[in-house]
Amino acid sequence: MLEKIKFYQTGSNTVGNRLITPAMRTIQASVDRPNSLTSGHRACQGCGEALGARYAIDAAMKATNGQIMIVNATGCLEVFSTPYPESAWRLPWVHSLFGNAASVGSGLAAAAKVRAQTNGDNVVPRIIAQGGDGGTTDIGFGPLSGMFERNDDVLYICYDNEAYMNTGVQRSSATPPAARTATTQLVGDKPGADWGKGKDVPLIAMAHGIPYVATASVGDLRDLEYKVQKAMSFHGARYIQILVPCPLGWGLSSNSTVTAARMAMETGFYPIYEAEYGKITSVRKIRQVQPVINYLKMQRRYAHLTGKKADPNVLARLQALCDANIKNFGLVDGTDVTDQPVAMQAYERSQAV
Amino acid sequence: MMKKAFAVTLDPATSHQNHTGSWRTLRPVNVYKLPPCNNQCPAGENIQQWLFYAAEGDYEHAWRILTEENPMPACMGRVCYHTCEGKCNRGFLDESVGINSVERFLGDYALEHNLSFKRPTRETGKKILIVGAGPAGLSAAYQLRRFGHSVHIVEMGKEAGGMMRYGIPTYRLPRNILDAEIKRITDMGVTIECGRKIDDIEAEKKNGKYDAVIITIGAQISSNVEIPQGDTNHVLNALSILGQIETTGDVQIARKVAVYGGGNTAVDVARSLRRIGAEPVIVYRRNRENMKANDEEMDAAIEEGIQVKWLSTISEASKNNLKIEKMAIDENGKLSPTGEYEDLPADAVVLALGQNVDKAVLDKIEGLKFEKDNIIINEETKMTSVDGIFAAGDVATSNRTVTNAIGMGKNAARGVNAYLNGQTYKKALKHEIAKFEDMHPWYYTDAPKTVRQELEVARRSNCFDEVQFGLTEENAIFEARRCLSCGNCMECDNCYGVCPDSAIVKLGPGKGYEFNYDYCKGCGVCAQECPCGHIRMVPEQI
Amino acid sequence: MLKQIEGSLGVAQAVALCRPGVVCAYPISPQTHIVENLGKFVKEGSLKDCEFLNVESEFSAMSVAIGSEVGGVRTYTATASQGLLFMTEGVYSASGLGLPMVMTVASRAIGGPINIWNDHSDSLSQRDSGWLQLFCESNQDAVDTHIMAFKIAEEVGLPVMVCMDGFVLTHAFERLDIPDQETVDKFLPKYEPREFINTKEPVSIGAMVGPEAFTEVRFLQQRKMAKALCVIEKVTKEYRELTGSKSGGLLDCYNCENADIKLIIMGSTVGTAKDEVDRLKTQGINVGIISLKSFRPFPYAAIKEAIGDTKQVICIERAFSFGARGIVCPEVKRAMEGTNCDVKTVVAGLGGRPIFGTTINGIVKDALAGKFTEEFTWYDIDTNVLNNSTLKDENVSFSQGPIAQSVLEKSVKA
């Protein structure tokens, strides 16, 4: 009887749940979770990236029985986790440069294979390369694409906080329109980041035809863990982009990291889906559709959209963007992906920005 | 062994040397809030706590927690008007938790499995007399027995139960259930003497060498109203009808009966009359919105085909006919006669206008004070103006429900216990109430309330079979699991999971969590993401 | 075994004999033939347990190499010119992480203007990258140096650039003596990385190091460079004894006994110079050649010893430092500090301009005639070509022959 009623006060949306079997709980609920990225790191209070990294890497560790080696691009995650003389990582980890994590990953994967071959090991450690959105969508993009096209056995995880946070919040090609950064300030007629610019790397990754591509968010742990574990069931190049709010860069209160990430999903601002071999196979449906204003008003980077001087047209356009995502990706229950979705920038450009 | 490069290569988890707790300006602490259901429950049940165990399938544990406050869950799961559900925060999400139905499930479970109360581990040797074996008296007796006191109840009725037996129809409360739950109390050593009316309570106390008395005689006299009437029309009162049905299973009355009143008794009597073949019409001077009767009961009555004349007063009764005056009601609920009249064919009128306390016996107690017809008691200790004499239930309150009587009985027992120990009972301070705004509702799955199965309407007109069925085990767990655990930990692991600094220690099942202040930076994500509102950020003393 | 083959193939065979686990490359002339051959060896199965990766840029080639070295596998790559510059950030990362990879630099001029021919401006631009730089004077030297390079790199714990002149060596067909596998296996044991990431001993490699320890990290890198001087000599000795080869070493002296003047040269020009020195000897002119093999670490003591009491030294350099002067010369001067040895730079052979025997002859004769009055001279500059531009634009002309630094400077003042 207890087994039969799987859902509970909280359904399956919380981290754990004392009423369901341990196998059905998240990895993060377990007292013996790997804690791959452990206490004492120097991330800011409420850091989404620190949270996302532990979520993702713990899931990968669990999926591979601890056979994970990490390549980390330069960025916040690298800086706050390994300042001499202390490392917050519990697993093999290397940092080389800002833009080369994907190719170092390729080299490491090749090495792992060769070492296993020559030593007669049955187990080949698996490689994860990871970085922020700057290291991924901008400076590391060439190596990333190269790793994809060679289909090297590397899972690349992009922790997307939508700007260069480590250098002081500058715009990246993952910065959404109208957002304030240090290089897209709230001045002039069109405050914030330009419309019709930027890059949709998950769709670009899909266009490489690699085995697995997914987006995820620290706002939905179960989905995130599922995707990392799914990714580890494939060999070849894989890409997961995780939305990790940055309290400092977004102007969020430090406690609202997870809530903001959830709001990004529930508004349709950040579509969550997965794709195999270039085709979308599933979409995370929005549980409670929210108007985009509820997401924007949490963040000072959008302060110009919620104050007295707010331009209602910009707000309307951001809402239209969410609506387009909801339609294109089929984000609400009972709807399907309309076509192969195109990059949001195309929508912005075609709407006479 | 590898030859590690100086500074460039670091050993794993060495960051533990860096105690980031020093960054903190706010500190997370656990807060324990009072769930609104618990706060509302007139019997003071720890509803959330027993739902916690029921949700785990540990029904006996749940029942034991429940019966610490209320010894009659099988009865209560049937007759309580469950105002707790009206306060349930889940109501803001979809529908309130079916607390009452889970309570009944637990009560029935205990009966089915012959669960009994534990006898007290030591006897105090103190003797307490309880006058009246209704819910207040039984509840007080139970609690006093748990303290180890000897309890004797004297009941003037033929059987124990009070209004639960003589006021509530059997289709709502089958008597085998009532009997079983009373028996469980007498099994603890409580003695009940039925069929005797005490005329002089003080003398009884003195002669019986009782250390204290609790008066729980209820309010047994039906209120009356003057209706000009011809000699042929029967005017009866509701309690005597209900009492007759209870004792004889029938009552001799005309076919068309007007039931005059808008409280629960009016509904009970109308529905009972329907079952013995009459055609009752409820005549009530206000409208539905202003009706005192429980909504669910009223819905059931209408479902069963009982007519209602709203905004109507009976101004005259003659044979086969009533003269009804239409009333008008303004937005403040104030009534005014309209001077418009109509006829209502009726052979009899049943008055269900409320009950009064029989003060005859009470007036003999010197110094006993009243307000209207209620004994005045100390709100906390339940002691009357006379030392050593306590009162509970309908005799001492205008909030005359079974559940309230149970709660008052319990508190009177506590007052008596403190009194016997030379102390004055003080209620524990209440925690702040867990508000819906303090919760994080996203985490809860949409899960509509389980509807309890009911007896088909067609069968209700000719029998007193119980109308509402109990929940199956599956449904009961479902309901229990709908509880949001407002303001208290339900071990969902959210705080443990969402901490970016892994600074929360999970202590294991039933033990909850601990904050590791060595590493907690005070970001507050745990507090924000706690579904129950169990964590608060407080300023760090710097 | 003696073979008449292209230099690039010889190097590819030498690298294959070292049993690398990962080879990665991006095409750039004149290095391509080496990795083309290695790719073929892997695909045909003659080079076993090796992953060959075709990457999308030199930046990735270096990065893949970093990854595979960090993963504990012997790694090789090759590049040249712009490619070396494109991977520069990784070049520094590899040495900073102490990764003992071997990379061929098929030396080629750096653009702009784009130029695919040989000089030394590419590898010398990486002077301070923390890599060992070993120059080869012949294809045989290149074959042997590559084999030695792996052993040196792995003993020192730093990466090694093997610099061989583009086209002049890489594309030249010569008779080469390629050692057999057994000999190389004896010389170069199975790779045992001193430090690598693995799941049994999980370390974090590549920490951020602040002011509190950065100087010390650099000091320890510099110590490795100092150690490398000994290791190069030791390994060379070992290799020579095993194979009878004459390759390698920190430097190599030719005809240095009682020389009137000594030339310091890196790379293939040494071969041309040797022939000319032989000819000059018949004319009674005694010229010594110091073939500088190890540019980094720079062998100050060995240079001083090789120069001895010779009073005149000319560094023939195929690169220079903009806004300054020669690159090798100042190092030699440091080595000779406190002596009365006269050390000068003659720049020649930029961007593939050939250095013939006659060029060497001219340099020697001019030197002996005292014509190099300044530290830095543009030797093989073509004033006809130069004047075409300067006359037209600025009405400035230069007279025929080598141009000293002061002439250049004065032409600007005028």
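For reference, chains read A, B and C in written order, and residue numbers begin at 1 within each chain.
In this section, a residue touches a chain if its C-beta (ideal position, glycine included) is under 8 Å from a C-beta of that chain, and two chains touch if they have at least 3 such contacts.
Source: prediction; values computed, not measured.
Closest chain to the protein centre (all Cα atoms averaged), using per-chain Cα means: A. The greatest centre-to-centre distance from chain A, using averaged C-alpha positions, is reached by B. Contact tally for B-C versus A-B: the pair with more C-beta pairs in contact is A-B.
Averaged C-alpha coordinates put the centre of chain A at 45 Å from the centre of chain C. Between chain B and chain C, the centres computed from C-alpha atoms are 92 Å apart. Annotation: 50 Å between the Cα-based centres of chain A and chain B.
Contacts with at least two other chains are made by residues 7-8, 10-12 of chain B.
Counting partner chains per residue, chain A shows two or more touched chains at residues 81-82, 84-85, 87, 89-91. Counting partners per residue, chain C has 97, 202-207, 209, 213 as the residues that reach two or more other chains. Listing the residues of chain A that touch chain C in their complex gives 66-69, 71-72, 78-79, 81-85, 87, 89-97, 99-100, 102-115, 117-118, 125, 142-143, 145-146, 149-150, 152.
Only residues 1-2, 4-5, 7-19, 25-26, 28-29, 31, 35, 37-43, 45-48, 50-51, 54, 81-82, 84-91, 221, 247, 253-259, 262, 266, 287-288 of chain A touch chain B when the two sit together in their complex.
Across the complex, chain B meets chain A through its residues 7-8, 10-20, 23, 55-57, 442-445, 447, 473-474, 477-478, 481-485, 490-494, 496-503, 506, 508-509, 516, 518-519, 521-525, 527-529, 531, 537. Only residues 21-22, 24, 49-51, 53-57, 59-73, 75, 89-90, 93, 97, 197-199, 202-210, 212-213 of chain C touch chain A when the two sit together in their complex. Contact residues on chain B toward chain C in their complex (touch as defined above): 1-12.
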